[in-house]
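In the two complexes below, chain A is the common chain; its partner is chain B in one and chain C in the other.
Moving on to the complex of A and B:
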C-alpha cells in the first residue's frame, strides 16, 4: 500500500522499515499491553504503548518522539506474551526511539556517565549491559593512547548493572554509586536483643502501594535501601552491612522473566548464590544473607520474607 | 657508616619468594650494601633477635617486613621491629593482604593440624605425633610459637606506614622503591608503593570483550587452549585483572595465564574478592534458573579464586574471626 511509487513515505512506513517495527499495523488497540506495563503502574500514569502505536499510525511524528513512552520502555517484554496479536511492542517502541535519536532527540532518563580518570578500559560494562549502551573508545590522553568506556545515553536505561560490575567505580549515576549507597549503611550498629536487618530492594519488584507500605511499617532496625534493579547489588555492600553489625541482609529482586531490565535478577541471583557458597566455604553459612525473587503475583510476600528472616536471625542470636 | 640509613628485612609466614626478589637485584645488591647499613636480614645474614632488641627504638630507618602473621613469633617480631623502626613497610602480598597463607582462614586450626600431622596419606597415622607448644626434655623445656587460629595481615597487628604488594613484588619495583627511600622521597604515609596507575586491565594489551559477549561456562586455564590476544574474561576464564592494582608488569598475562590478583585490590575496591564476584557474575548468559545453576557450578572454589591472595584482608575473614 504505502510502497506505491506516488505515495509519500508516512511515519508508519518509517517505523515499519526498522527491524522490530514491522508488526505495527497488527495492533487493534485492545490495551492489554498497558495493563501489563510496570512503567504505567509505577512511574508515569500517562505511559501508554497503545496510544504510542496509534500516534505512529496517525502520523503524529513529533508527538511520538516527545512522548515519555518512547523513552521509558526498557524492553522487559512483560507485555509481549500478553498481546493477543503477538506484537513485539518493545520492538515497535524501539523503532520509534531510533527515529527520534536520528532526529536529534535525547533520552530524558537519568543515565550513567563515565569518569575517565577512574576508568581502566576493562570492557566489563560493555559485556554486562543489557542495552549495549557502553562501548570502548580509544583516545590520546597526555600523549598516551588509552582506552575508555563511553556510554550512549540514548541506549542507557539506568539499571545500574554496569555500576555494580565496574571494578574502579568509574561508571556511575547520581544516587546509585557505591559511595552513595554506602552512605546509607551505618558504620556500626549497637547490638541489641532484637536482630537488625538490611533490605536491598529492587525498585520494580513491589508493584502495589500497600507492598511498599509494608517496608515502611517496620521499626528502625529493619533498614531498606532502594536500588534501581537487584542486578545493581554489589556483594561488597552486603558484606559491609554485616561488618557494621547488622544481623542479616535480604536482597529482593523480580522473578526470572519479569526483570524490568531483562537480566538484572539473573545477575543478582548469580552474585548472591556464589556469595552464599563462599559463606559456606568459610563455614559461615547460617542464612544471614538471602536473595529472594518476588513475582508480580506475590502480593504481600515481602512481609512474609522479612518476618521469616527475622525469626531465623532471632534464633541465631539465641544460639550465640 | 653512621650516616648510612639502617635497613631491616624480615620474613614471617611466607614462602621465601620475597627474599628471592631482593637477591634478584643481583649486582645492584653491592650498590645497596654500600648505600645502606643492613642491620637485620635473617634469611641472608647472620643476625639474632637479640641484635634487634639491642637497638635503640626507631634506630632502624626502614623495615621491609614480608609474610603474614600466622603465629605468636610472627606477631612478637612484628611488634619488635615496629618499635625499632621509623618506617614499616608491609612488603609483598602476605604482609599486605595475607597472601597464600591467608587461604588457611578457610579451615580451622584443628583441621589443619590433623591434615598436616595425621591424615596426609604419606604419614604413618598410627603414630599420631602432634606438635606440642611446650615440651619437657632432660635438658629443659622447649617452647614453640603457638599457631593462631586465624592468619592476619601485618596491618592487623601493628601500624604499617607503606604497603608494597606483589607475590613477590617485582624486582624493578623493589629497586625503584629503594631509590625513593634513599632519596628520602617517600610519599604520604599509608600509601601503596611500588605500583603503577590503575588496574591490570588498564595496561593489558589484550582485546576486550564486546557488547553482548557473555559466558555460558567458566573454565580454568588448564581446561582450554587460551587465545593469547583476547581478554581472559571474554574467554570465560576468571582473571583478577579488573580489581588488581597494576605494577607487576603483567608477567602472568604475558605467559598466557590470567591475573591471580597478587598486587592486591586497586583503588576504590574495598573487598577484592567480592568486587571481582560483582564483575564476573554479571557476565553470565542465561535467563533459565536451571542453566544459571549449571553455569555457577562451573566456578570451582569461589573463595580460592576470588580471594586467592586477599582472604586474610577480606570482610569474609573478619566475619569468621568475629564469630569465633
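Moving on to the complex of A and C:
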C-alpha cells in the first residue's frame, strides 16, 4: 500500500480495494493453490491463480482480464484453507473478474440459458444457484405481465444444479440438458447373469489419472455418465435407468466442503436422501441406488465403491 | 557432555526441574525439584542389568516411538550421567530389577522427590525447541499414511544406533525405499500455524539427501521447497554438492499427498513453479520437515525467571543485534534455540557467549547498573498507612517492586531498569526516578515554554525509539517545524499526565506523546503502560473539547524519521490553521482545568526539595548496589 497519496492508483490497488482482493501482496508463489485446484489438470493448461496474482501485482491489466484463470475459478475455496499466507485467492480472482466485467469483458464459459416459453417464474433456480446467477425479472409478453428467470452469464459457472432442479425443464445448457443425458441411458437392457450398473460421476471428484482409468477398465455392463457436478443429478435420471432394466445406480460426488461448485454435493445429498426415503416408504430401499462422496485424498476409493456395489447387486440377483 | 560431567566446576543435575526462582542478578535463589529416579545415583554403575530383567516395554520417546524401551531405562545410550531410571507410570512392581541389581543395591523404591534450594549468581536458559505436529495438516496425511514420516523419525531410521541399526526402511512394510520426497516448510512460513522460517530445515533436508545419496547411490530423492535458504558459510556450496549428486529440487509447496492402498506408495501433488504445471509424482516414502516451535512449557520457564517471550513464544533477547544472548532480566541469559530457531554453529556460538556473559557476573564483586533507578519515598507511600494500592508493582515490567500492604513499596534496585513506569503511575507521587525526577522534567518543561509557549509543540520522546526517530529526521535532513521542542524520557511509561497538564497549563500550542511501537518496547511492556495512559489522556482532552490534533499520540520507531517529521508538520498545520485569537482563547479556557489537574505535582513537599532529595538519594542507592 502506498503511503503517498498522489501516486496513481495501480491495478493492484484497484483489486485490493474490492472486498476479497486484500492481502494479495503476501503471495510468495509457493504454488499450493495451483496444485490444490483441479482446473489446470482437467480443463485448461493455462489456468494458474499464482500467475494471475503476479499479473495483478505487476499491473498487467489486459492480460489478467483475458487470462482464463479470471473466468474459470468457481470459488470452491479448496485453496484458501491450504494457502500458507492466508490469501483468499478466489476473492482476488473474483475482484479481477468484477473489474473485467466493468471493462466490458464477458465470460467465455458455456452458460445456461432460459427457455422463456417453458419458464414459470417459480424462482427455484434462484434459490439453488451457488453463484446468484439467475434472478427473476418481470416482462410483458403478449400483453401479459409475467415473471421469468434471467441468467447473468458472467456469474454462471455452468454447473447445472439449476438444470436438475427446474421443474419445467426451462433452464439448460448444451451437453447437460435433460435430453442430452437421457440419450446416454440405454432404452432397455437385456438381462444377463452379471448385474449391470450405471455410474453417474461428477467431473471433479476423481483427482488422479489412474482413478479415471479405473472407470474405463470396467466391462460394458458398467456404464459411466459424466456430469459436471453431482448437483446436476436428477433423481428421475436414476429412476429412468432402473426402468430401462439396469440393476443399480451409483452417484459419485465430492466430499462436502470440497465441491467444485460450492454446494452441489450437498444439493445432491439432499435429493438422493429424499429418493431413498421414498423408496423406504414403498418398501423398495434395497441399496439399488447409492450416493457416495469421494474426497480428494480418497485415491482408489472409486474401485472399492463400484466393486462393493457390484457385489451387492449380485447378491440381490441371487435372491431373485 | 562427558567433558562437562568431568569438569570440576560443572555439576549436572539430570532429571531435575526448576520450581522457583527468587532474588536478582548475582544473588539468585533457585528451588529445584530433584525427581525420584528410584535408583541411587552414587551406587548405580550403569550396567543395565535392571533393564534386561525388566519385563515391561513402553514406546521409546528418544527413538520417536519407533522402538520400545523398558520401564527401567536410560533415555539414550550416550546419556550423561549414565544412571538408570525407573518409570513409575509403567512399572508393575515385580522387583525383578532389584534382584538383577543384586549386591549393588542401587534400586530404592522408597525414593521421593526432593526439593532443594541453591544459590546461583547467573542463570542460562538453554531449554531448546519443540517440533510442529504435522498431523495438524490433514492434506499431508501424517499419522494416516504409514510411509509419511517426520524429519526426526528419518533421523532415527538413518542412525546406526537407531531402531533399525541404520538400515533405512519405510515403516509401512519394512522395505527399503528407493524414491523419496522431502517436503520443506511443514508448519513454518505458514500463517495458519507458525509464520517464521525455521532457519535450519533447508540445510537439514539437504544434509539428509546427501547422506542418503551417499549410502544408497541409486535412490531417487526430491526436495520440494518454497525457497532454499542457505545463508551461512559453506552452506551454498553444500547445496551445490547436493545438486551435483543428483538430488532433485522442485520449487513448489505440495498441496496434497495421496496413498495407493495396495502398494503403500505415495503421490505428491504440487505445482512445479518453474514450469507453471501441476505435477504428480509417485514415491515410496515422504519425509516432512516440521517447523521448529517453542517448547510447549516455555511460558512456565518464562514466568519463573521473568525472561519475557517474543510474540511467537520464544524467549526475548535484550536487544536483537547488540545483546542477543541476554534476556531482559539481568543475570538471566539465553543460549540456543530457546531464543529462536537456530542451527548447531549458531547455538554453540550463543552458548559460549552466554557462558562468557554469565562468567562476568560470577567474577565480579560488584555489578554496575544504570543509575536511573526508581526509589520510593516511604513517607508518601499510602501502602505504609495500610491502604490498598500496589499500582507501581503492576506497572513494573521486571517485577522489581515488592508490594505488601502495611509496608511501603520497596524497589529492588538491582532489578530496576529505569523505565519510570511506576513513577508516572503512582497516584501519590511517592516514587521518583533518579536523573528523571519530576523536578528535573518540570524544570525542562518550564524552560522549553519560557517564550511564546502558544507557538511551541512539546514532543515527549522515549529514549529508545522516538528520540532515535527524531535524530534520524535530523540526520536525514527531513524538514520539520522549528517550533518543536523535544523532551527525552527513558520510556513512554515515564510520561506522567501531570507533565502534559503542566505543559498545557503553561500555554503550549501542542503536545506530542510518542514512544516505541508496542512490539519494540525496550522495557518489555513499558509502552503498554504508556499507551493506556495516553488513551485516557486523549479521552479527557476530547471531553474538554480541545482542538483535535493539539494533543497527539504517535508510536515512532528509530527508523521512522520521515514519520516523525510528518507528524510534527501535521501538528504545525493544525496550529497554523487556527486563528491566533481562537488558540489563545482555548488555552485560556483550559488553563484553570489544567492548573487544577497538575496541582498535585506541587503537593509533593516542594519541587525545590525534590532537587535536593534526588542528590541525597543518589548516594544511598549507590551504597545499596555495592551491597
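What we mean here is this: the second predicted complex is superposed on the first by the 315 of 320 C-alpha atoms of A that agree within 3 Å, B and C clash if a C-alpha of one lies under 4 Å from a C-alpha of the other, contacts with A are read in each partner's own complex, and residues count from 1 in each chain.
Please note the rule applied: a contact is a pair of C-beta atoms (placed from the backbone, for glycine too) under 8 Å apart; a residue touches a chain by one contact, two chains touch by 3 or more.
None of the values given here were measured: they were computed from a predicted structure.
> What does the overlay on chain A give for chain B and chain C, a clash or a fit?
Chain B and chain C fit side by side in the superposed model.
> With the two structures laid over each other on chain A, which partner does A:120 touch: chain B (first), chain C (second), both, or neither?
first
> Touching A:316, do we find chain B (first), chain C (second), both, or neither?
Neither: A:316 stays clear of chain B and chain C.
> For A:274, select first, second, both or neither according to whether it touches chain B, chain C, the two together, or no partner.
The first partner, chain B, only.
> Quick check on the superposed pair: does A:31 touch chain B, chain C, both, or neither? Answer first, second, both or neither.
second
> Could you look at A:153 and tell me whether it touches chain B, chain C, both or neither (first, second, both, neither)?
Neither partner.
> Looking at the overlay, does A:208 come into contact with chain B only (first), chain C only (second), both, or neither?
second
> I'd like to know which partner A:43 touches here: chain B for first, chain C for second, both or neither.
neither
> Looking only at contacts as defined up top, I'd like to know whether chain B or chain C touches more of chain A.
Partner with more touched residues of chain A: B.
> In degrees, to the nearest 10, note the angle that opens at the C-alpha centre of chain A toward the centres of chain B and chain C.
In the superposed model, the angle at chain A is 130 degrees.
> Closest Cα approach between chain B and chain C after superposing, in Å?
Superposed model gives a least chain B-chain C C-alpha distance of 18 Å.
> I'd like to check the shared interface: which positions of chain A are touched by both chain B and chain C across the two complexes?
On chain A, no residue contacts both chain B in one structure and chain C in the other.
> Please give the residue numbers of chain A that touch chain B in the complex, ascending.
118, 120-124, 126-129, 132, 135-136, 146-147, 161, 164-169, 178, 231, 233-236, 238-240, 242-243, 256-257, 262-263, 266-267, 269-271, 273-275, 277-279, 281-284
> In their complex, what parts of chain B are in touch with chain A?
105-106, 108, 198-199, 201-202, 208-214, 231, 233-234, 241-243, 266-271, 273-279, 281-284, 286-289, 292-293, 295-296, 299, 301-303, 306, 315-320, 323
> Okay, in this complex, where on chain A does chain C touch?
28-36, 40-41, 45, 48, 50-51, 79, 81-82, 84-86, 207-209, 296-297, 299-300
> Show which residues of chain C lie in contact with chain A when the two form their complex.
Chain C reaches chain A through residues 138-139, 141, 185, 189-192, 226-227, 251-262, 267, 269-273, 276-280.
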